[in-house]
Amino acid sequence: MDYVLIIVIEMLRAISWLVLLASGLAIIFGMMRVINFAHGEFLMLGGYITIMSHNAGVNLWIAMLVLAPLCVGIFGILVERFIIRFLYGRILDSLLATWGLSLLMVGGVTLVFGNTVQGVSTPLGGVSIGAYQVPFYNFVLIGFAAVLMLAIWSVLKFTKAGLIARATMQNPDMAETLGIRTSWVYMATFGIGSAVTGLAGGLLAPLTGVVPSMGVNFVGQSFITVITGGASMIAGTLSASTLLGTISQGMTFLTGPVYGDAALLLTALVLLRVLPQGITGRIFKKSL
Amino acid sequence: MEKTLAKDIGFWVMLGIGLAVMFIGPMVWGLFEIMQITQYVVLSVYALSLAYIWGFGGILSFGQAAFFGLGAYTFAVASINIGETTVPFALSFLLPAAFGAALGYFMFYGRLSDVYLGVVTMVVTLIFWKLINHTAGPEYSIGAARLGGFNGIPSIPILNVPGDAKAWLDPAQMFQAFMGILIIVYLCLRLIIASDFGRVSVGIRENETRASLLGYDIRRHKVIIFAIGSGIAGMSGAMWATYQTFIDPNAFSMEMSAKALVWVMAGGVGTLAGPILAVILLQWLSLKLGTMHILNNYFILGAILMGLVLLLPRGLLPSLRLLAERLWHLGRQKMDASAASRKATSDV
Amino acid sequence: MTKLNRRGFLLASGATAATLSAPSILRAAADTIKVGGLHDLSGPLDASGIPMNQVLKLAIDEVNATGGLLGKEVEAVIYDPQSNMSLYSQYATQMALKDRVAVVQGGITSASRETIRPIFHRYQTLYFYNTLYEGGVCDRNEITLGTTPAQTVEQLIPHAMNLWGKKVYTIAADYNYGHITAAWVKRYVEANGGEVLETEFFPLDVTQFGSTISKIQAAKPDLVLSALVGTAHLGFYRQWAASGMKAEIPIASTTFAAGGTDAVILTPEEGNGILTSYGYYTSIDNPTNAAFKAKVKEAYPDDTPILSELSEVTWEGIMVWADAVRTAGSLDREALLEVMESGKSYDMPAGKVSIDPKTHHAIRDVYLAELQDQEFIIKETFPQVQPKDTQMVCNLEETPDANVHHEISLN
Amino acid sequence: MSDAHILTTEKLVMQFGGVTAVDNVDFSLKEGELRCLLGPNGAGKSTFFKCLTGQLTPTSGTIKLRGADITGWNTHDIVNLGVGIKTQVPNLFNGISVYENIRMAARRKHLKPMAKEKAEQMMEKCGVSHLARREVGLLAHGQRQLVELAMVLAEEPPLVLLDEPAAGMTGDERDRLADLVLETARSAAVIVVEHDMAFIRRIAKFVTVFNRGAIFREAMIDEILSDRAVQEIYLGKQADVAA
């Protein structure tokens, strides 16, 4: 029995892993139609900041939940002001520019921090469920993924800022006529998207080897989740993460990671053929 | 005034350069330069495959590496088993073309929008990359050829003169053969583009609705264009395999697809000569960077790419042409302002 | 207006690019002996490439400090392939044909070796491959000093099984190295009366190991044998410690910290107790190693490389080659090979090393060590271990012009 | 032209979610007939038009072209049965010259030499010859309408469907358009969806008036214009209509 429970926990962790990876990208790509190929490197930057500040004595949780999002958010705003601002509406150029940015970040972090930095061990140790032991940190991840989704949903749904952001992204010209300084909204939205990715990077730092080139492992998964999710941000990312996370983990349990990954890709492929606009292109049409 | 191929100076200039390089090159250059330029020729054919389907068919493929790798592995497996390279080389065009047609049917008859089209091609390449990487065990071999997984397939036969299996091409002959292939591919593409089929494809690129309102079945057109592009990419993969006598899953990597995108974007979408220019410049640049130990090479390459996008929005060739036109105008102040000579951006 | 000053900037940057590429002032006529160094200095593989490159340059300075070779100065020709195969093949061709180097040291992954080895074989440029790998290369033009699975697994398995028990759970990277190592593990576990409960392979970019950790817990093995490779797989060790399993089931590995950096990236809580087996550890105490470490510290005071078998064997590659040139008194490849195949033994930081004439692989001492607070403590030493796996498939005395990488399969 | 029907629809329905844009329309057009479709905004004229052109697949009901059931066919298959279509928003190949656009349309029916001559003839007829070399994307709205019309006519289709061809046109462009439509009507059946009353008066004979997705009335143009009920649905209930 507890083996089944372990599998369920494992799937929930995989889902929250995808949610954390993809929500920052959902904001930047899903909402702003900017292809951010440097998304993996933003995660890496979040990881690095968490570790560097922890090694410098800052409490791990503050480093992870405050410093990482803050610094990566500010970095995001700088990137938006100097690069992305010229590329709105030119979705392909944003791809090429951000691919250059990702190379630059890998090289830059190697120059500044070097490529071997002592990591931080996973806090809170293990907890035993039946005959098995699972890192307690899993529940922290699941918790934060849920909180993150809830936070973004409520900001977009209930706050004035959320409304302005959504309006601007849907029709910038109309938003201008209503007196909204759209350039500020773009800057802020890109900043928040980067901050969310920084937070995700921070949360994942204790679980992975943090090196300058770690980003490449995450960029594929994040894009596929956001694209499969489709237009609406919250419902799309959530439904896609759940579907893809469950299938990939299920297959991994049954046959092993190779077929787990292949299953995830095949599901995405079939979904894209059946629902070209992504899950929320058709179902949950009106949701956020 | 119909823009027939015969009257297009750009075409003849490219053809002239190509033939000159092909015949004079081996006499002038040493073995090392020949080997290096052969690599640029192979990558130029690869860049042309994307330049054609994207620039002239409006199909943006994020996964051109899938066909490059498929062509390379098809050639490797076939030539190792058959022991002769002419049939495998033909296979390396036909198999990817057939796969491209099948994938094209799957995509274009599914009414996918452009961005999702890009993603589907990316996902297909990722699947190839994952599966090929998994073929490491001894049980994964086709006939005598071990797929070899991450370590790839070593000692792939060198291209031999058709008919005589033992007459392997020496580097100079291989260079001339590849140069010939590049010229033929460029010629065929220009002919297709100038033909009615090409005109319709450009029409589809401009406005799909109008093309279907004229009665053209745009889905069938796109499948054909995509298949042609896939075949060319597959052939360039085979050229790569026989040039290096080694192939590994990196031929299917995301980086290989991204490189094609960069070359076509940097060179100028909607041109054929632009991407070739971009291949030579960018490959030479990353080679040069490797020998100069300034900062970290990833850092510099990234900065250059970003600079390219922000400073040359329309790509290298169109910007150079614009620069040339502007200088030409400034030089001739007495030209009247109406500038009747502003010719439509020709498809070089 | 903005259009114009962009053009201005474009023209300016075009000019600087031209000057940068102007050919560097030509050295005096070839009065130096050129040694090629081909390691990834940027991109994912730079963590292993940079230390090897630093030690290479140090070794060449050492040779020059003792009067160079044949009265000439030894000059390093170093290129950075940027973890990219097409650049590996271009630089190999450039070294062989244009720079006409006397010897090349380099190549990290098997894919990069297999890209450049045939080129050096075709143009007869002597080639040293200094990275531990899955064994099986049969090429008279290549000297392979790194350890192969047979040499390390043969010592690691019996030692681990005596310590912890008979039931082994193997997890390995899903490529040739992983498959072959797993096969050798199975052979030696069964030879020592043990049993491999399960063997699981992981693609190189897998970062989540939750499901595997649960499966291992279900199988209840006595020890876990890991042949995981690459930074993504570091996640396993972290997630293993995170679920509190480190105290329950110990880990032995033939790949952990091969490049030295993993030991630093993992915290002591995660890394302590992992048993590994390599041809070299910094904690080997013999005078040559002490001198070697001092030289490295002195040459690179602030960016001291983390030493491991990869960088130490690069030092060996230069020293063995230099010794052969001095003994043979010429740069002729055949003369050098004759010296190296004479069974001569060299006193290296890693201990006694000699070259097996049949496979051009190293017969060397192999050590077993356990990680404690990010330092490896040597538990056992095994002198002069033969490269048995490559000897099974390759005999250069019978087939001198072999030029192939055999896939050693035990079944 | 025989009085057989070139185009008929039976119980044609088009629903978007809850809204019924086309409500059980039975429509028939004789060979060579010129029919105008009128009706206030949102009456379902354009939706009905899009069902005929295959841009929309009707929810139920059938469409027959010369007896063949073309309900739900792809646009290009319908066009290949000899239908020329001009959409509400001009759909042209913007990056290419006017001549090139029209020549490509002509090429559908004629061989190369004939297509070149046909294209020049059409440009002359529609008064766009002086724009031959200009990129279509740079033309004014009215000019684009004329170019699109020239493309439709270049194929000499037996059935021509025009959706608001007069929109955005200047006075004399509209007159030229009216002459062109009348001339085309002599050799082909034409359906024109339009608002512009001045334009309608010049060309209309038999007219169909749509309201709320259904056919409100079908009669000759002068009867329609004097019918109070039609004026009411156009100008809304309360307005007192100046006689």
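First chain written, first letter: the chains are A, B, C and D, and each begins at residue 1.
Note that in this section a contact is a pair of C-beta atoms (placed from the backbone, for glycine too) under 8 Å apart; a residue touches a chain by one contact, two chains touch by 3 or more.
Every value quoted in this text rests on a predicted model; they were computed, and no experiment measured them.
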Two candidates, A-B and B-D; the one with more touching C-beta pairs is A-B
Here the gap between chain A and chain B, centre to centre from mean Cα coordinates and rounded to Å, is 33
Taking each chain's centre as the mean of its CA atoms, chain B sits from chain D at a distance in Å of 44
Per the C-alpha centroid definition, the whole-Å distance linking chain B and chain C comes out as 35
Per the C-alpha centroid definition, the whole-Å distance linking chain C and chain D comes out as 74
Multi-chain touching residues of chain A, meaning two or more other chains, are 106-107, 110, 216, 258, 261
Two or more other chains are touched by the chain C residues 42-43, 46, 174, 201, 203
So the touching chain pairs work out to A-B, A-C, B-C, B-D
Given the complex, residues on chain A that touch chain B span 83, 86-87, 90-93, 95-97, 99-108, 110-111, 216, 220, 223-224, 227, 258, 261-262, 265-266, 268-269, 272-273, 276-278
The chain B residues in contact with chain D across the complex are 1-2, 196, 199-200, 202-203, 205-207, 209-210, 212-218, 344
Contacts from chain B onto chain C in the complex sit at residues 30-32, 35-36, 39, 43, 130, 133-134, 136-138, 146, 148-152, 154-155, 244-246, 248, 250, 255, 283, 286-293, 296-299, 301, 307, 311-312, 323
The answer for chain A against chain C in the complex is residues 3, 6-7, 10, 13-14, 17, 106-107, 110, 114-122, 125-128, 131-135, 137-138, 206-211, 213-214, 216-218, 249, 252-253, 256-258, 260-261
Interface with chain A, chain C side, in the complex: residues 42-44, 46-47, 50, 174, 200-203, 205-208, 210-212, 214-215, 217-218, 231-235, 238-239, 241-245, 248, 261-262, 264-267, 269-270, 303, 306
